[in-house]
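Some structures are shown below for you to check.
Here come two complexes built around chain A, the first alongside chain B, the second alongside chain C.
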Partner chain A sequence: MTRQEIRQAIIDILADIAPDEDTANLKDDVSLRDQLGLDSMDFLDIVMELRKRYNVEVPSSDYPQLATMTSCLDYLSPKMA
Partner chain B sequence: MAIQDRIVITGVGLTSPNGDNLEQYRKNLLAGVSGVQDFETRYMGKLIAGVCHYDPLKYQKKKDVRRGTRAGSIAIYCSHEAISDSGLDFSAADKSRVGVFLGITEHGNVETENEVYNISLKGYDTAFWTHHHNPRTVANNPAGEVTLSMGISGPHYTVGAACAAGNAGLISGVQMLRLGEVDVALAGGVSEAIHTFGIFASFKAQGALATHEIAAKASRPYDLDRNGIVVSEGGCVYVLERYEDARKRGAKIYGEIAGYAMNSDASDFVLPLPQRQVECMRLALARAGITPAQIDIVNTHATATRLGDQQETQAVREVFKETPTTYINNTKSFIGHAMGAAAALELAGNLPAFQDLVVHPTINVDHLDPECAIPNLVMNEPRKIQKVDYILNNSAGMLGINAVVVVKRV
Partner chain C sequence: MPKDQLQGIKSEYDVIVIGSGLAGLTCANILGRMGRRVLVLEHHYQLGGMATWFKRKRGHIFDISLHGFPFGMVKSCKRYWSEDIANRIEPIRGIRFDNPQFSFETTYDRKDFTRILVERFQQPLERVEAFFDKARSFNFYDDDGTTTGQFLERCFPGRNDVHRLLMEPIAYANGSTLDDPALSFGIVFSNFMSKGVYIFKGGTDLMIGLMKKELIRNGVDIRIYSDVERVLVEEGRVTGVVCNGRSIRARSVVSNANLRGTIQRLVGEEHFAPEFLEQARRVRLSSSSCQVYMGLKPGESFDYLGDLFFTSTLDHFDSVALCAKEVTSRTFSCYYPDTRPGSDRYSIVSSTNANWDDWANLPPEEYEREKAKLIEDTICALERYLPDIRGKLDWIEAATPGTFSRYTKTVHGATFGTKFEGLSVSKAIPEQIAGLWHAGSVGIIMSGWLGTINYGVIVSNEVDSYLSRTNTVRATEEV
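Right after this comes the complex of A and B.
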C-alpha cells in the first residue's frame, strides 16, 4: 500500500470507531486522542481493526506509535507496504 | 429506615414493539394494533418477533451505541424518557441518591453469539475476540450503562428473574427506597432477546415458538390455535419516589405500589406451578391489605403456550373466584413476550386505566380455549368499567419464579 492508501485505511478505521467525529479533516501532527476524543478502549479497537483488516500486529509496547496520523504512517508503512 | 413508606410511580419511559412512549403504546393497546412483525435472523431465516423502533440517537452518541449493548441502549432510552416524564429537575438532583434497578431475563447471549460468529470467520482464532466482550456481558451492563449516560452515582444492578424480571426490578426499586438507600429509583426491566438465535432455537426445540402466516396474529394467548411464544425486545423503566417527596414537589402520580410478592415454585425447570402462583398473588394482596374482590384489573402473564396459559388461568380462577368486578386482560397478544421487560411493560399499558376506566383487551382470541374461559376476560375489544382502584400484575418465569405487583390509584 502507498502512504496515501494507508492514510485512507486509518481514516476508515477511525470513522468506524469515532462515528460522531469529523474524520475527513484530520491534522496529521495533532494527537488523534485530542482531535477525536479517543480513549484507551478506542485504541484497542484500532489495534483490533488493523489485525482484522490488514493482519497487522501492534504489540502494546508500540501503542505510543499510534499517537498522531504521521506517527501512525511512519510506524505502519513498513508493515503494510 | 421506614419500611412503611408509601412508594409511588411518578414517571414512565418505555419502548415496546407497538409504541415508544406510554401515550402511543396505550393508544395502540386500545385500538388493537399489534407490534409483532417478520424478523430476519442470521441462522434461522425469517422468524416472527417484537421489534422496537425507538431512536437510539435521541439520548446516545453513535459511539455509545457502538460500544454498548442493545439492552443498555434500550435502558438508556427508557430511563431518560422516564425522568423527563417525571418532571424531576434532574440536573439539580443529588445523583448519589438515585439508583437503577433493572430486571433482565438473561444478558450477554447477544454479544457472545456475535463474537463467536466473528471469530468463526477467522478460523476461531481468539485473537479476534473483542475487548468489549466483558464490559458488554457483565450482568449489570444495562443498568450500568444508564448510570454512565445520566451521571448517576447511586447504586445500580440488574435483577435476573427470567420472565418475572420486570416486576422483580420494580420491587427492588421499592425496597431500596424503603431501606433509605436512594431517594429516586429508576426501576423496571429490559430485553434484547431477539438479537440472538439461542432463545428462538430453544423455544423451537421445546415446541413453544409461535409461527403464523400473518405476524400480527402470531401471539395469541388463550386461543385454541396458539402455537407458542413470540419473542420480543423492549424496555420499561419507572421513576419511583416516596409519596411524601412526590406530593411535596407536586408530581403527577401514576399509582402507588400497594403490595408485592415474590416466591419460587421449587418444582420444575420450565413448567409453572399454579399453587405457588396462587400463594404469590395472595401474599401480594395481603401485603396491600386488600381482598381479591378489590382488584379491578388482573394483567396476566400468559405467553400463548397451552399449558402455561391454562395453569395460570387455574391460579387466577382460584384467587378471583368470587370477584364479579375483577376484569382480566393480557398484553403479550400485542407485543409478544418482551422477556425481562414483559411485566414492566404490561403494567404500564394498564396504568392509564386509573384515569380512563378502560380495560385494554387481549387480542387474537378467535376460538377461546375452554380451559381459559375465565369470567370477565376482556377479549378483542376494550371494555369500559365502573371503577379502577387496583391493578394486579402477575408474572412468572423459568426455574419457577413468580413476581406479583399490586398498584393502587392515588
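Right after this comes the complex of A and C.
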C-alpha cells in the first residue's frame, strides 16, 4: 500500500471508532488523542482493527508510535508495504 | 442418567473461557465476532458471575449490583456488545448521603460535587479544581506509593468529612480503602465523576439475556452447569481444559475465575516459576460483602429515597469500620418499578463490605443467628428513614461472604477481586504459560462494571494476536 492508501485506511478505522468526530480534516502532526478525544481503549480498538483488516501486528510496546497520523504512517508503512 | 451438559460441543476450540463474569463474556463476544471458535463454560445455572440477580416466589426479583455504571459503560457496551444494550443504560436520579457529618442528595458528577465542596464544605474553588484535575491525571502504570488516604489528606487537610464524601461511594463500588493506591481511587472516581452514575434499565436479567443472544449470534458456544476442574498444560503451553470430567482441547484458555483460584486450583502451582508464585502469593484479596434483600408486598411502595443511599451512624469516616461485623454503615440500593418497565414492584438491597473471617467459620446455629441479626439490624436502620417499612415487606433474606463464595466460586467470597498488586500478576500469566490468560476482577481498577468489561477487551486483543501468530507458525510447519 502507498502512504496515501495507508492514510485512508487509518482514517476509515478512526471514522468507525469515533463516528461523531471530523476525521476528514485531520492534522497529520497533532496528536490523535487530542484531535479526536481518543482514550486508551480507542487505541486498543485501532490495534485490533489493523490486525483484522490488514493482518498487521502492533505490540503494546509500540502503541506510542500511533500518537499522530505522521507517526502512524512512518511506523506502519514498512509493515503494510 | 444426568443430562450431559457438554452435548454438542466441538472437539477443539480456539478459545475456552472459564466463567461467565462480565470480563469473560466480553472477551468471548469479541473473539466470537472475529470468527474464532469460542466456548464459554459456567459452573452456575446462570451467566453473569457477580453481574447477577435472583428470583423468588410471588414475583420478586433482586439485583445484586445493578446501580453504579460509570458513563464509560455506554461506549463499551455499544462497541463490544450492541447498540441495543448500550441504549438501555440510563442515568440514575440521585445519590443520597446521611451520616453525622452531612446529609444531602447529589447527581454525583464533577459539576455538582464542585458546587457541594465549595458551598457546603467551604473549600476554595482552586483547591477543588486542582483535586479533580490531579485525580483524573493518574495512570495505572505509575504507582508512586501514595495511598488514597495520603492523597485526600494532601488535597483536603484535616477534613475527614470531605474524605468521607469522596471515598464512601468508591468503597461501596469496589471495596477499596484509604490504604489502597491513590491512583486506583483517582481512576475509578474520575470515571464516575465524568458524567455521573447510570443503571441498566430492565434489570440485570435483561442485560445478561441480551448479551447471551449476542454471543449466540456471534457463534459462541455456551454451556452452564459446566464446572472446569483443570486447565491442561503441556510443556508450558495450554492444550485444553477438563470440565465435568471430560477433556476439551483448546488452543488458548481465558480464565475468568478468581486469580488465586486460577493459579492454585485450575492450573496448579507446579506449572509456574517460583518467583512468579512468590509474587502471586503476596496478592491480597479485596474484602467481601453482606447484602440484605427486601421485597415489598405487591401494591406497596415507599417514597423516593434516592437510587443509592449511603448511610452511616459513625461520627467519622474510617475504612476499617466499613467492613466490621458491628455494622455502622450501609448502602441502600433502591429499586423502583421503573427499573423494570411494566413492573409495579419496589425493593431495597442493603450492602455492607464484610470480612470473610468474620463469617466463614461460624458453627451453623451461630451463622443462622448472625444472619437473622444482620436482617433485623438492617430493617431497624431502614426504619429511621421509612418508619412503616417493616409492615410492607413481603420477602427478606440475606447473603454473606459464604453465599458469594458458593455462587461465584471466588476464594474467600471476594466480591471485588484483588488489591492493586493482583493486576501485574494477572497480566503476567501468559508469560508463564503460553496460551493462558486471566481476565477477571483484579487490581481495583479492573473490577466493577467498566473495569471488568474493559479488561475483557484488553485480553481479547492479546488472545487474538496469539491465535494469529500461532496459526502462522502452524501453517509454516505444515509446509
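Assume the second predicted complex is superposed on the first by the 81 of 81 C-alpha atoms of A that agree within 3 Å, B and C clash if a C-alpha of one lies under 4 Å from a C-alpha of the other, contacts with A are read in each partner's own complex, and residues count from 1 in each chain.
Following the convention adopted for this analysis, contacts are C-beta pairs under 8 Å (C-beta built on N, C-alpha and C of every residue); 3 or more make two chains touch, one makes a residue touch a chain.
The structure presented is a predicted model; accordingly, all values stated were derived computationally and were not measured.
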item: Touching partner for A:V30 - first (chain B), second (chain C), both, neither; value: neither
item: Chain B versus chain C as contact partner of A:M41, first or second or both or neither; value: both
item: Partner chain in contact with A:D20 - chain B first, chain C second, else both or neither; value: first
item: Which superposed partner A:N55 touches (first chain B, second chain C, both, neither); value: second
item: Interface residues of chain A shared between complexes with chain B and chain C; value: 17, 41, 44-45, 48, 51-52
item: Contacting residues of chain A [partner chain C, same complex]; value: 17, 41, 44-45, 47-48, 51-52, 55, 57
item: Footprint of chain A on chain C - complex, ascending; value: 30, 34, 75-76, 79, 454, 457-458, 460-461, 464-465, 468-469
item: Touching residues on chain A, where the partner in the complex is chain B; value: 16-20, 41, 44-45, 48, 51-52
item: Parts of chain B lying in touch with chain A, wherever the complex brings them together; value: 61-63, 66-67, 122, 127-128, 130-132
